Amino acid sequence: MSSHDDRELGLVSGGQDASTRPPVTATVINYGETHLDERVYARPEDLQGFTLRPAVTWISVDGVCDGDLIQAIGGALGIHPLTQEDIMNTRQRPKLEDYGDYLYVAVRMLSPDGDSEFRSEQVSLVLGADYVVSFQEQPGGTFERIQEHLRAGVGRLRIEGAGYLFYTLLDATVDDYFIVIEMFGERIEAIEDAVVAEPGPEILQSIYALKRSLIALRRSAWPLRDVVAGLERGDSPLIPGSTLVYLRDVYDHTIQVAETAETYREMMSGVLDIYLSSQSNRTNEIMKVLTIIATIFIPLTFITGFYGMNFVRASDLAHPGGYPSVFALMIAATGIMLLYFRKKDWI
Amino acid sequence: MSSHDDRELGLVSGGQDASTRPPVTATVINYGETHLDERVYARPEDLQGFTLRPAVTWISVDGVCDGDLIQAIGGALGIHPLTQEDIMNTRQRPKLEDYGDYLYVAVRMLSPDGDSEFRSEQVSLVLGADYVVSFQEQPGGTFERIQEHLRAGVGRLRIEGAGYLFYTLLDATVDDYFIVIEMFGERIEAIEDAVVAEPGPEILQSIYALKRSLIALRRSAWPLRDVVAGLERGDSPLIPGSTLVYLRDVYDHTIQVAETAETYREMMSGVLDIYLSSQSNRTNEIMKVLTIIATIFIPLTFITGFYGMNFVRASDLAHPGGYPSVFALMIAATGIMLLYFRKKDWI
Amino acid sequence: MSSHDDRELGLVSGGQDASTRPPVTATVINYGETHLDERVYARPEDLQGFTLRPAVTWISVDGVCDGDLIQAIGGALGIHPLTQEDIMNTRQRPKLEDYGDYLYVAVRMLSPDGDSEFRSEQVSLVLGADYVVSFQEQPGGTFERIQEHLRAGVGRLRIEGAGYLFYTLLDATVDDYFIVIEMFGERIEAIEDAVVAEPGPEILQSIYALKRSLIALRRSAWPLRDVVAGLERGDSPLIPGSTLVYLRDVYDHTIQVAETAETYREMMSGVLDIYLSSQSNRTNEIMKVLTIIATIFIPLTFITGFYGMNFVRASDLAHPGGYPSVFALMIAATGIMLLYFRKKDWI
Amino acid sequence: MSSHDDRELGLVSGGQDASTRPPVTATVINYGETHLDERVYARPEDLQGFTLRPAVTWISVDGVCDGDLIQAIGGALGIHPLTQEDIMNTRQRPKLEDYGDYLYVAVRMLSPDGDSEFRSEQVSLVLGADYVVSFQEQPGGTFERIQEHLRAGVGRLRIEGAGYLFYTLLDATVDDYFIVIEMFGERIEAIEDAVVAEPGPEILQSIYALKRSLIALRRSAWPLRDVVAGLERGDSPLIPGSTLVYLRDVYDHTIQVAETAETYREMMSGVLDIYLSSQSNRTNEIMKVLTIIATIFIPLTFITGFYGMNFVRASDLAHPGGYPSVFALMIAATGIMLLYFRKKDWI
Amino acid sequence: MSSHDDRELGLVSGGQDASTRPPVTATVINYGETHLDERVYARPEDLQGFTLRPAVTWISVDGVCDGDLIQAIGGALGIHPLTQEDIMNTRQRPKLEDYGDYLYVAVRMLSPDGDSEFRSEQVSLVLGADYVVSFQEQPGGTFERIQEHLRAGVGRLRIEGAGYLFYTLLDATVDDYFIVIEMFGERIEAIEDAVVAEPGPEILQSIYALKRSLIALRRSAWPLRDVVAGLERGDSPLIPGSTLVYLRDVYDHTIQVAETAETYREMMSGVLDIYLSSQSNRTNEIMKVLTIIATIFIPLTFITGFYGMNFVRASDLAHPGGYPSVFALMIAATGIMLLYFRKKDWI
């Protein structure tokens, strides 16, 4: 029914051209306190007859453009067709849906991209009784590191259930937001310095680009907060109580991200005020130079014009003291002007 | 009692002149998993003795200006006179009303109209136990496509009940919002480019027109969200639980529409800031040219005036080195000015 | 206790000078499905011994400055002294108070007054088991039309109880808001056109006056919405369930009024932005004319000054080609300037 | 524990220098329907052995700097030490605290002070079963008038209990807000007139001072609203039901004060917009004068310069028609300029 | 799991370089009504076998960079590893967490640092049944004073339980906010005076710095308010009812801090408006000087130019009255200009 899967909302964008996309693969990791099996599937038909084994299973899927593979996994685990659609639709608003048998969470994973932008891809997590399925648009990134931790057996990951793995994946996703936040912090400081040092019109472009990115960040962060808040309420038996206390921590982080984005937006308004005011200052300065020059020389030029008039019998032209006294008059006029400007604090 | 049916609120407007209006028709589609009957009624009296047959009935009415036809349908299905009034009053705020026997929903259907505007018409949906009545101001559009799907028997539409048909109509209406959203996204990008490239006063008109349209979009989108939220709560037995999960999806889309409209509004403010600042930049640039020219030539003109004075015995005029040294003085004055402007970063 | 009855809050104002006020009168209409009695009282003492008769009684009071009459009615119907005070204090915030035996509602009735202003008067409604008392500051207006409907016996008014009459009065009051809204809509369009066509300083006055009126409108509309919401909740047995569905309609209208007022306020900000920007444009245009004229003629004047110097042996003055070449120099300088301005897009 | 009693928050300030402070006195009024006893205490030791007598007792304390007196009263009536601290700390945020045996209310009493400022002092009210203790920073004011009413036995004050006295004091305090509101209303109108008539820089100071005062007013009014709302909920048995209906009235007044303060703030923004725009208008007007003068005379001066050049054989200088035709040229140039300015609507 | 412990959010910052940090020490104070034991631990291994003794124990830890010591204390008291992580992560958002056995509170302690900035360090408080553990980043400050009070045995601290000590520490932390608030109040007044007296561009820097600090203050104050509100609700049995009434007082203070920060932000906007408007005033003033000088002298210079033309037979040059009448013409032109400027109120 949803026919706008491929709509571009213009703000957050991820992925690459289809031509350069790596093939879709599903890495299935079955682990317990003492064992870890790992298999990689690339073709939907390989998944036929797939069944969950005891202990915890993590199916990590890289790429969401292969509907057949997702359908195969979804069929094997009993995932609702609507959820399958949501997984493939990478323009979702972050959301949490409780289907009873499983929880579906869609969030956005961020990574810096250039100075004041970030790339964002959709991450879908499905948490069942003893399995987690994760869907990324691109391979690699944070989840790869968690796979390595799992293989190495460090931390509590191996001795806890699927709920803890689910928390770990969500926490890693939220932690990546801080990298983007940090990048923005540095960028804001750079813009602040630039505004004070050399405020050119290109700064406005930077401010606007950053504001746009902050709007996009907020668009990802606020619903993320709601998703984690929904999980932390503990309504679902799929997340054990011992894991809830960790989710409370993730929740605090999402609030911190959202509030920092707001704070940065306010700081950008302040920077914009300074920029606009410094522009106004420049106008004033230019005006002052013009006014000083014009105000000094216009009367002087009048004096020269006066004595340039061709009145034949203008007797003071022939007067021997005429030339020096005109000179004195000009110096006096200039002096009065300079004193006036000094009083006005212009020079 | 409602005497402001024909009031123009100035913002959202649909329909055409009465003279060009197509006649009002009611298409009655009765369908089940294995059959589909279709009849078209244009005159109220044809509907006399109309009764619902088993399975699902969809009465699709194009045009709402014929009160008699609406009354005939309303009478046959037991629709409250107030609902009938609401159907005919095409300036309703989107709303959901639960009359027990049936649900009444009024929403606005959008379609792009030019570069930064959209047309909006009111769509009324009445959901009964085994029927849906839909009222459009204009024939055609999204609902026509659903009729074709129904006739072709594709999808789950034929095997589900009236609640699912109701969801399908609502979902199609909401999906059309994304087309308008997309149009706005492109328009904003075009304005952004124009502001940077050649910021003329007509851009302000474009920004204002787009802001106005975004205000109107928000006016449609926010109450739409409330309507779908009300449906999704599942208070009414007319919508089966299996359909509620789909409504949750529609609800997510309405939030996405509303949030994107907000985001666009914020982006327009940013564009306006750039525009105003670029205007201020232009003033500065003009000022700079004036100041540079005036500041260089005013002292030079003073010098020429000085030596244009008619003092008879001004001995340096007769001095052979006078002319070259005045020339040198002028070049020196110009050079000092140019160095000063270079230091000020003006040239 | 309330000693600020006569305080002027400066925003909403109604009534006329005491000297031109018509006398206070109470029209008592007792009606049922088959009968209608009507009597007019002007003096409190006429009301002595007044008792309610069976069927519905509507006491419509025009003018609230005669405390004795209000006290007489209040005494006969058992209305609390505080309510009587509230009726006479015409600077009330719209409010709903449930005294058990009766409901007291104070709202503001609007009517357009000039181009961008409106007059507002307080309407008090008291709903008892089988009576409604309405208090207006001025006779006539919407309630007069309802009296005529009642006398003519059109509509459902005669066959329904006091609750329906109460709804009818409230609905008529809210409907009058749309007239003011419509007036504002036309005024905004007029200002929009004026801002584009000939933005003079008097437009700012218009914008400010309209903004002030919109603030006042909102001040009336938002509490009105709360009043109707309170009635629609259906806590009071004085309003039968069959009337509640109509109040839901009134509630929708109050939301529409409040939202339209908000929308208009936003549109006024947009208009203000255009106005301020067009002012800035005018400054730029004036600057451009000055700069073009000055920049072309200042160098030319310098040239004339140069050849106006009184150096005796300036040989090129005597040179036959001097005069034409100076002429050529001036034309060249002007041409270069004009090309520069063309490149800058100034001319 | 609270060590910031004497902190100056810079916004709301009351009281006088300690040296000019009148001595702290406690007026104890014991009254019933038929009797009224009054005694004044100035020294804490006089209060030893103080016990409440039957009927209602009002202890009205003027001045809160004498901790011993407050402690003596507090000890006699069983007032918690924290409440005693709160009474002495005159920088409290308005608040309501229910200690079971008594209610403690701290609000701010306002009185106009100059054109756009107001003085504010803290009033503490303690309501017990059959007593009210009121603490003012300064003697006199509204409470004095209530004492006179009480002595005179007018109104219902003598026949009601302590709850009604408590309401009366609160109502009188809130009523004083309207005096300040009214002062602000007049001040805003004066500023509006001044902005239109003669917008000088000192108006901005006035606007800013008024804004500051409005911020301070809101700071007093919003928590006051919460305090009265808390009382009106009727959770405490100390306020009888018959008094609650009066508190609902006080609550309406507090909303009205808070909303009017908001409205005034919005109006001040509008006035500021007008002021800033009128400044921009003035710049435009000055620019226009400069541009008109310069644009007319610069070309003329060029012409005079042209014919002032010392080319010996410039034949047209000697031509008899030369002088008149230059004159005609100048008049033509001026005329073209004037027509151009007329077209531009500058003159 | 939290890998962003050391992330710098750029806004609030405390602590010093590791090289200059004093060693981490834990001061353990065990006290009751009649006794007080005190021991200082600096090495984690000293804490081995540490057990709580009867009566109240306060463990005051200065410095949070030594994970082993915190782990040793946490292990002895049964503090969750997540809480231990939170204590070491000094970039926490203020928060309250109830672990059943103990309450964990993280707040920020402020101290002024320069004119318009403040230092902020994280304070963690753990409240158990009969102990409080406090963690500061730096030794000294407010908690030191409370230790001295405790040793001296003044106040109610010695006779109350751990809950009261917990309240005392929180109250002292909140009281420190008022010092920062007071500093901001003084700074705002200084900026206000400077804006009126001599508005230079460096004021904008001050305004922006202060705004930034106010944003940071709000970021600390609002969640602090939530923390204290959570405590004051009284859900935890660790805080006895007699202490709850004191927490209500702390809560009032946190609201006061948060509201004052908001008020200051609004005042800063007002100051910014004045600054920007005074800049605009300066531009106007400069323009006026330029326009007056130019408008007076440009026509005069034209007159001198006119009579400087070399027309041979210009008869009025030779006329004896020519020179005086030109003089008169110039004086008249100047007089008219001056009258015009006087009318315009420019001089």
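A few remarks follow.
The chains carry the letters A, B, C, D and E, assigned in the order they are written, with residues numbered from 1 in each.
Basically, a contact is a pair of C-beta atoms (placed from the backbone, for glycine too) under 8 Å apart; a residue touches a chain by one contact, two chains touch by 3 or more.
Remember, it's a predicted structure, so these values are computed and weren't measured experimentally.
Rounded to whole angstrom, the centroid-to-centroid distance between chain A and chain D, based on C-alpha atoms, equals 42 Å.
Between the CA-based centres of chain B and chain C the separation comes to 26 Å, rounded to the whole angstrom. Multi-chain contact residues, meaning those touching two or more other chains, occur in chain C at positions 280, 283, 287, 290, 294, 298, 301, 305, 308-310, 314.
Because contacts link each chain to exactly two others and close back on themselves, their graph is best described as a ring. The ring sequence of chains is given as A, B, C, D, E, with chain A as the starting point and chain B next. The touching residues of chain A, counted against chain E in their complex, run 168, 171, 175, 178, 181-182, 185, 188-189, 196, 245-246, 248-249, 252-253, 255-256, 259-260, 263, 266-267, 270-271, 273-274, 277-278, 280-281, 283-284, 287-288, 290-291, 294-295, 298-299, 301-302, 305-306, 308-314, 344-346. Considering their complex, residues 1-4, 7-11, 80, 82, 86, 92-93, 95, 97, 99, 201, 204-205, 208, 211-212, 215, 219, 272, 275-276, 279-280, 282-283, 285-287, 289-290, 293-294, 297-298, 300-301, 304-305, 307-310, 314, 317-318, 320, 322-323, 326 of chain B touch chain C.
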